[in-house]
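Next up: some structures, all given as structure tokens.
Here subunit A shows up in two complexes: once beside subunit B, once beside subunit C.
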Partner chain A sequence: MRGYFAFLRGAMLVGVVYRLGFLFTILGNIVYMIIAYFLWRSIYAGKEILNGLTFDQALLYIALGSTIFILLKTYTDWGMAEEIRSGTISVYLTKPIDYQLYNLFSTIGFASTSILTVTLPTIFMLFFVFRIPFVLGAGYLFFPVSLLLAFIINFNMDYAIGLSAFYTESIWGISTTKEIIVSVLSGALLPLQFFPAAVQQVLMVLPFQAMFFTPLMMVTKPDQNAGVFLQMLAVQALWAAVTYVASRLLYNQAIKVLRVAGG
Partner chain B sequence: MLTLGEYIRLYFLIEAQYIKGQMQYRADFLISSVGMFFSSLATLSIFVVLFNSIPDLAGWSLMEMVFIYAFYMIAISPMQILFDAVWFLRYKIQSGEFVKYYFRPMNIMFYFMSERFDLKGLTQLAAGIALLAYSSIRLGLVWPVGKVLILILAVFSASLVLISIAVMAGSSAFWVVNSYPVLALAWKVREFAPYPITIFDGIFRFAFTFILPIGFIAFYPAQFFLRPAEISPLFYLAPLIGIGLFALTYKVWDLGVNSWTGTGS
Partner chain C sequence: MTLIHIQGLSKHFKILNRHEGLKGAVRDLFSGDYRTVQAVDGISLDIEPGEIVGYIGPNGAGKSTTIKMMTGILKPSAGVLQVNGLVPYDNRIRQAMIMGVVFGQRTQLWWDLPVIESFKILKEIYKVDQKMFDEHLGMFHELVGLKALYSQQARTLSLGQRMLCDITASFLHNPQVVFLDEPTIGLDVSIKAKIRSLILELNRTRNTTIILTTHDLGDVEALCRRIIIIDKGKILYDGDIKKVNALFGAYRTLKLQIKDYSEATLAALQDRLTGTFGAGHGITIAQTEDCWTDVTIDQARTPLADVLAFIMTNFTVEDVRIVEISMENVVRKIYDGALK
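Here is the complex of A and B:
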């Protein structure tokens, strides 16, 4: 296990080298939040409540959603595709390490730099600069666990997308398509309450809501019964397990078609 | 110096080679084209879902929003199709490969940008034209020849604004090497171009009109066709803003090209 932490540390150090990148990411997120603030202000336009959400709740949902989007965008699939295309993947395959775990730890390393430089400052800003009222509730306690499960589901999906490079070599298309499907169906761009009831029912049985909607609702409506939150976590855990098994099975298939020239 | 005709001939020669190279990744190309189409539909589906809950957005109806969005999709296509190379500048700077562009007897920006031609952008252009036609019919807009000419000019100006923002963001690679965060920032902000600029007030409306001119990408031009009575005099400035911004961008690019000292390899 110690070996894998070296990958985590390595990825963190790479993140620190590109400090300027985080600065622009934060700046971009601030501009996004300002625009979202005005957009949602005109969506509410005097209305107290829309689909069960107040303006403050909707704004918190959208702004935090964009922050989690940045956190979950770890480019794991892009890195894998590059390793597969160039053949450097053979370096990892010939060592006694698990390729999925290696990727997981590098991804955690990348994301932990991003938590410190982007996620936490943004949350701070939401409450202190945008002055979103802080509602006391159990949801905040469950949120970190929920976010971790969302991270794992997202990683498993990215990993599976990365594996598709074994077949197509270039993954722009499949990666972009996945990102769009996730951002619309997970509730990252619009709270799921805004969708028509029938569509909502379908979205709730898909894995995507477990990546954004679930953790976001824990913070947007934190004052619910602990039982509700535990049930949400159970659904997330189930999806984490399902996507993990699916990505393993896909790996066993994909590895068979790998051909690395020379080396 | 090459003549315009020679540049056009060269462009087709370079493009033909690029497309041949891309045919290695046939599966990705097919998925990309489908993905591009879905990506255009994503924002549209968000509009449709949102308008289930609200009657209008800052006074604009769903169909009017579709029209503004369609205009935006058409305006972004030239950037997507012809200037896609900006996303790759940072790799060529990092590896030092960019040095090759200095040794060709032609314009560096032309040569660099011509090395990529984004075929999948054509799906977006087609979807944009279809949506513009659909929303015009639903809104009962009429298109005399004069108005069509103004539309073309408006698309041209908006495209120049989009191209300028992307090329300027990409050019930061000459100084900071990894221009990805700057490009990602520009890309994110531009996503808000199809929303009415009237939702902002005070300093922010000014900023999104003059400093980060996303208002000129879709809203001010679309306003001319949708509600000519409410039109802002700013609309007539659009071609000037477009050309001016592009000229400025070219200066920045040129400055970058001249100040880049290579990687030493």
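Here is the complex of A and C:
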């Protein structure tokens, strides 16, 4: 296991090597927050509550949603596709490591730098600049676990898409499609409460809501009882397990293609 | 005990026959029209611990495919393959602990990280303890003076520096066997010499088995006692380098650009060389690219200077180059029975 943490550390180092990029990520996010603030101000003009959410809750949802979006946008699928297409994957296959775990830990390392550049500044702005009232609740305790599970579900999907490079020359189409589906159906762009009731029911049985909607609900409505949150975590854990098994199975199939076709 | 045991090893690939044009490309989507390529075709060999083996052959001979089977990346189609008593493909992660691999065209260093950070990552994944790690790095520093490079990002290294670091990286966990796939490709003479002495020293002090694939016959001459020549998936020669050495050493190729070249010129050249230097002259002529004529000369039989002088006086030559014999020519000589 120590070896995999070395990958995590290495990926973090890569993340901070480029200092200018680091700074621009911080700035870009602040600009986005300001735009989102005024956009939602005008959506809420004269109204107290929309679809069961107050303005404060909606802003919290949208702003944190955007930080999770950046946290999950790790380009794992693109990196893998490049490794597979160029044959660099051979280098990893000659090392005593599991390719999926290697990618998972590298991805966590890569993403963790954005906690510094995006997540923390966002939280700071929400509570100290936009003065969103802080509601005490158990949700905050469950949020980190929920975020980690969301991360793993997203990783498993990216990993599976990366593996598709064994079969196709370009993963652009499939990766972009996944991104659009996720951003709409997961509640990343718009809280799921804003969808029609029938659509909401469908979305709740798909894995995408577990990536954004679930962790975001924990912080927008943190004052529910623990049982509700535990149930949410259970659903997430189930999806994490399902996507993990599915992507493993896909790897076992895909690696045969490499072994048949040579690399 | 034999380190690597290979018996009747084969690997064939199924390759889709692609068709031309858009129509062809669409047809290929549904095509079941495959052809089988026999990349490695029933080879057998045994490698003992501590050997340095040159595994050579022209492009597409099956070298890399064999290496990929030995390292557990590819699954053999048929035959026996054991490294240290285990089947690499079925025990990939376990086998990887005793192997080091350098692919000359790729790097195992993290592109954006300082070299030392890559070494530290490798130290963790191979579970090398700190004392051994320091000892190794100290030794590499003595051999090639790498320390100054440690703080540089891998992407800022020159090709030669990167290769030295890559070789260092592949030896960090003190593997039993190291595969070097084209380690000197694209490097200049001085760095080649450095790499060769590094490899020799590591083999000598640690008794590491080294399997070297290369296009550069100079590498083979400098490093290997044993050489295996493979072509079209079959082993042409497996044995002492000395026998083959004469073949590389004695041959030189004259590359000529002859004015007003035609098919007839080639025939005339052939005739007149035979006429002048006699039947056993050891000269072969081949037409290569558009306007180059290759005259390969066995210097043991006919001095190169004589041939050159003869050609210069009897033909109008626009340009001339002298090159060492190429891998392709060595293979051709072996087919012609040069080692019998």
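The definition used in the following text is that the second predicted complex is superposed on the first by the 258 of 263 C-alpha atoms of A that agree within 3 Å, B and C clash if a C-alpha of one lies under 4 Å from a C-alpha of the other, contacts with A are read in each partner's own complex, and residues count from 1 in each chain.
Going forward, a contact is a pair of C-beta atoms (placed from the backbone, for glycine too) under 8 Å apart; a residue touches a chain by one contact, two chains touch by 3 or more.
Note that the structure is a prediction, hence the values are computed from the model and not measured.
In the superposed model, A:Val14 makes contact with subunit C only, not with subunit B. Touch criterion not met for A:Leu136: it reaches neither subunit B nor subunit C.
By the touch criterion stated above, A:Ser183 is placed in contact with subunit B alone, subunit C being left untouched.
For subunit A, the partner with contacts to more residues, out of subunit B and subunit C, is B.
Contacts of A:Ile35 after superposition on the shared chain: subunit B is touched, whereas subunit C is not. Legend: residue contacts after superposition of the two complexes on their common chain; A:Ala198 is shown touching neither subunit B nor subunit C.
Within the superposed three-chain model, A:Gly87 lies in touch with subunit C and out of touch with subunit B [touch as defined at top]. In the superposition on chain A, contact is made by A:Glu169 with subunit B only, not with subunit C. With both structures placed on the common chain, the touch criterion links A:Arg2 to subunit C but leaves subunit B unconnected. Shared contact residues on subunit A (touching subunit B in one structure, subunit C in the other): 18. The part of subunit C that touches subunit A in the complex is made up of residues 11, 13-15, 39, 65, 68, 71-75, 92-94, 96-97, 99, 101, 103, 106-108, 110, 112-113, 117-118, 120-121, 123-127, 153. On subunit A, the positions that touch subunit C within their shared complex are 2-7, 9-10, 13-14, 17-18, 86-88, 90-91, 93-98, 258-263. Here subunit B touches subunit A in the complex through residues 24-25, 27-36, 38-39, 42, 45-46, 49-50, 52-54, 57-58, 120, 176, 178, 180-182, 184-185, 188-189, 192, 195-196, 199-201, 204, 212, going by the rule given at the top.
Residue ranges of subunit A in contact with subunit B, taken from their complex: 18, 20-25, 27-28, 31-32, 34-35, 38-39, 41-43, 45, 50-51, 167-174, 176-177, 180-181, 183-184, 189-190, 194-196, 199.
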